[in-house]
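One chain, chain A, appears in both complexes that follow, with chain B as partner in the first and chain C in the second.
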Partner chain A sequence: MSTVSWITLRGLFGRRRFLLLLPLPLLLVLLAVLSRSLGVDADDWGPPVLVGLGLAVVLPVVALIVGTGVLGAEIDDGTVVHILTKPLPRWQIVLPKLAVAAGVSAVTVAVPLFVAGRLADSVRLGLSLAAASAVGALAYSALFLALSLLTRRPVLLGLVYVLIWEGLLSSFVSGTRVLSIQQYVIALADRLAPTELLHGDVSVPVAAVMTALISVGFTVLAVDRLRSFSVAGETS
Partner chain B sequence: MTTISVDQAAGTPTTVTSTLDLAGVSRWYGNVVAVNDVSMSLGPGVTGLLGPNGAGKTTLLHMMAGFLAPSRGVVTLDGRPTWRNPEVYRRLGLVSEREAVHTFLTAYEFVLASAKLHRLPDPTAAARRAIALVELEGAQDRRIGTYSKGMRQRARVAAALVHEPQVLLLDEPFNGMDPRQRLHMMELLHRLGDAGRTILFSSHILEEVEQVSGTVQVMVAGRLAASGDFRTIRRLMTNRPHVFTVHSTDDRALAVALMAEASVTGVELDRAGLTVRAGDYGAFTRVLPKIALREGVRVRQLVPQDESLESVFSYLVEA
Partner chain C sequence: MPEPTGVIHDIGYQRYTGPRLGRRAVFGALYLHGLRTAFGLGRSAKAKIFPWLVLGIVTLVAAAATAVRSQIGEVVMTYAQFADNMSWLVIFFVAVVAPELVSRDLRSGVLPLYFSRPLPRSDYPLAKLLALATALWLLLGGPQLLMFLGAAFTGGEGMGGVWDELLDLLPGLLYAGLWAVVFASVGLLVASLTGKRAFAAGGIVAVFLMTTPIVGVLSIMPSRAVNELAFLASPSTLVGGVGGWALGDLLGPQAPVPIGGFGPVYAVAAVLLVAGCVALLLLRYRKVAAR
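Entry: the complex of A and B
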């Protein structure tokens, strides 16, 4: 493991903020177990729990907490200077941090989604949800990591994207779904395990290409922004 | 410019000295000019960057360290720009003013991580050497979160020194340190300077700079107000005119008597009282009681008006 990854992981799990990751995945599993044990039809509880909660809330919110935490928290408390005063090409800082963010988010979300998918339908649906959410975690992480270098309020802007753009506008303006990571994840999961529980609004090729574009594009942007990282002076 | 010199004090046989150059450097934020057309060249030895709070010291240090782009001009380390050039950190170390440190790591882990990030051939030995240099061995396995401010500062200095940089920049390094820790830090800076390293530290406290460095750069309101030997600048500061407000039982009579005094360069009489400008602080304060006694005037109040560091520095701009 690279030193940057090690420090990032220690920083992530050493802050109380990490505890914020636990309630939502637990709620997802709890709702799935409850629905199943109470004998509710999977067609009734599957879409709201898997998509409405799992893919629309748990995945982006977990990715937001982690993605803005791996670099944004260090920028906030000033410790980022310790890593930046090293003769490292900036991509060697961004990529390990992105890997940690995407990895932690993927594990945190994929496990409960697998459990919920398994309970709703089958192991195949569980696996497809886990795989698609891992891909989604990468795209979200790249976006949120870049946001923490583009703005001083990455969490707020991230929430606006998740709640307003993906959550609200996607319901009314179908065109916005083309720029929605949530829609890509649904399309990919539906392709891996076709089921009535998931309804993708974008085609699989569009989802795959856009996910790759977002992941790569925002990573490149983050590297470039980190090259020009400015520390605000006390006198400024 | 790069030269080879012997470096015994820092424990290594030889070191390459480096020069940090600023050429016409300015930095502004909107309409506010934080640093205004500063040019200087820093070579081996300890240099103090002196100036009141808000003078632009931190902005200047950040530009030197490659953490801020100059709005105009260029900062170079051995001829290469520091901005957008991570390679300069092979020869440059920075200890920023902000008490930013990974509190969840032990000092050893923290310094070792720095050594590894520098890709040093033997990071363990380098980390132990740097920790020994700041005398933190006894507490190196404790989490930094449990440290006092001075200990944290030393841990940060160790991390900045782990790759034995030729240039070390420190922003207000004595802030929050107790007298013993200050002394220790001053000794360390002396040793590093004597070993041929280029050390620049900022401070708004005259006495700190006096004790550590012979060369100073004085910043006032974003400009380089004075530059060079500390003693010369200090003399300039001591000999500046001093302004006093005097309240007495007979301001007018006292004003007339004071005008005859050589140490007094000007007297102003108004409703608020008497404002006296003295060319020599010591001579004036010695002679005032004698004149008052002779004239039969009782001095009720004597208030120096310009003792703030700001006014001292402002005088330098005019000098």
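Entry: the complex of A and C
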């Protein structure tokens, strides 16, 4: 484990702030357990919990907070200078940070989704949801990490993507679903464990290719942006 | 002992003898400044991007609805439905503005400066809250006014048509006010907990978004009472429930959420939610760290 990833992990978990990450996954498990124990039909509670809460809210919000936090917090503090002045290639800064962000969000999201999927249908659905959400966490983290280098307000821009693009527009304009990580995750999970609970609008090859493209493309972009990064103060 | 030879020169320092503006002036200034901050007025172009993006989208939607109505004659959405449909944008707007209002002051440690003025502890959060609620109301009410103007002057039914339309608009504006108060109090409370704008924005969105699926799950539980009380769980459906009960048919043909006979419960819950958030907000500002 490199020093950069160690610093990043400590930056994420060193404060009480990481407790913010707990309520969302807990709520997901709680709702699944509650619905299951009250004997509600899984076809009824599956879509709102698994997709409505799990894939549409918990995954992007956790990935947004963590993904913009790994580098964005240091940029805000100005402490990113200490890393930038070390004789490290930029990719050795971006990749460990991306790995930490994707790993933390994947664990935070995949575990409750596995439990919820297991309760909804089967171990297979749980595993496929966990795997698909881990892949999604990587794509989201790459996107948000690149955003934190492209703009001074990464969280708000990320929220524009999550809320307006994925949330609002894709319910009115179905065309935007082709460019939505959330839809890729649903398609991948549906492919791994075909059930009645998930309905992917995107074909599986498109989802797989686009997820890989987003992950790699935004990572390359982040490395490139960090190469000519100028440290500035907070926006007024 | 020699006589002291030093002289004190009068270099013109003067005491302020003019009128001293009291608490109301401070409150008013804070409110006005908060309202301007909400829309990025008097600040750099970067600070205007996100508020005006949201404002632009809602105005565009209102203009589109008005255009469709005047061309086809079909009512796309009523004033209340407009507020309901814009809920995601309202959440985003709160996530943009609330951290600007309170988190920046926390982060730059200027609160002791505010509280060294003749400003009671409670006035600071209340002024900010009022500013946020006004901004939200303007965000929802402005486009409704646009829809009203479009509908009133293309209807071709003379003054009677305008009057009918006005009677539709006023409950819609009241309903928008309800949205504004509930969302402002919850959002500002979350934002006042952290000095980092990024975390505040994420927290606000998380709080608002995670409640919607709870409603979805509760409304399919095998109990009718639970189903009808389910909409208490999320601020947006709570507002819909209160609006449907209090304003009823005035809001439009169909009730936004089926709450059965629990209307008063919803009203009490909304009042309690706002009162609780304001109380916690006041508690939050009883003691603030200098840094």
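Please note the rule applied: the second predicted complex is superposed on the first by the 232 of 236 C-alpha atoms of A that agree within 3 Å, B and C clash if a C-alpha of one lies under 4 Å from a C-alpha of the other, contacts with A are read in each partner's own complex, and residues count from 1 in each chain.
The rule we apply is simple: contacts are C-beta pairs under 8 Å (C-beta built on N, C-alpha and C of every residue); 3 or more make two chains touch, one makes a residue touch a chain.
Bear in mind the structure is a predicted one, so any value in this text is a computation, not a measurement.
Undergrad: After superposing on the shared chain, does chain C or chain B touch more chain A residues?
TA: Touched residues of chain A are more numerous for C.
Undergrad: According to the stated criteria, A:Pro154 is in contact with first (chain B), second (chain C), both, or neither; which is it?
TA: So A:Pro154 only meets chain C here.
Undergrad: Between chain B and chain C, whom does A:Leu125 touch in the aligned arrangement: first, second, both, or neither?
TA: Neither partner.
Undergrad: According to the stated criteria, A:Thr3 is in contact with first (chain B), second (chain C), both, or neither; which is it?
TA: In the superposition, A:Thr3 touches chain B alone.
Undergrad: Mind working out whether A:Gly72 is in touch with chain B, chain C, both or neither, as first, second, both or neither?
TA: A:Gly72: touches chain C, not chain B.
Undergrad: After lining up the shared chain so the two structures overlap, which partner does A:Gly39 touch, if you call chain B first and chain C second: first, second, both or neither?
TA: second
Undergrad: Could you tell me if A:Phe229 is touching chain B, chain C, both of them or neither one (first, second, both, neither)?
TA: first
Undergrad: Quick one: is A:Leu24 in contact with chain B, with chain C, with both, or with neither? Answer first, second, both or neither.
TA: second
Undergrad: Between chain B and chain C, whom does A:Leu12 touch in the aligned arrangement: first, second, both, or neither?
TA: Touch partners of A:Leu12: none, neither chain B nor chain C.
Undergrad: If you lay the two complexes on top of each other, which residues of chain A touch chain B in one and chain C in the other?
TA: Shared contact residues on chain A (touching chain B in one complex, chain C in the other): 235-236.
Undergrad: Over in the complex, which chain C residues touch chain A? Could you list them?
TA: Residues of chain C touching chain A: 43-44, 46-47, 50, 53, 57, 88-89, 91-92, 95-96, 194, 196-199, 201-203, 205-206, 209-210, 212-214, 216-217, 220-222.
Undergrad: Once bound in the complex, which stretches of chain A touch chain B?
TA: 3-4, 6-7, 10-11, 14-15, 77-79, 81-90, 227-231, 233-236
Undergrad: Within the complex, which stretch of chain B touches chain A?
TA: Answer in residue numbers: 29, 32, 34, 53-59, 62, 65, 67-69, 84, 86-90, 92-94, 96-102, 104-105, 110, 113-114, 116-119, 159-160.
Undergrad: Which of the residues in chain A come into contact with chain C in the complex?
TA: 17, 20, 23-24, 27, 31, 34-35, 38-40, 44-45, 48-49, 52-53, 57-58, 61, 64-65, 68-69, 72-73, 76, 152-156, 159-160, 162-164, 167-168, 235-236
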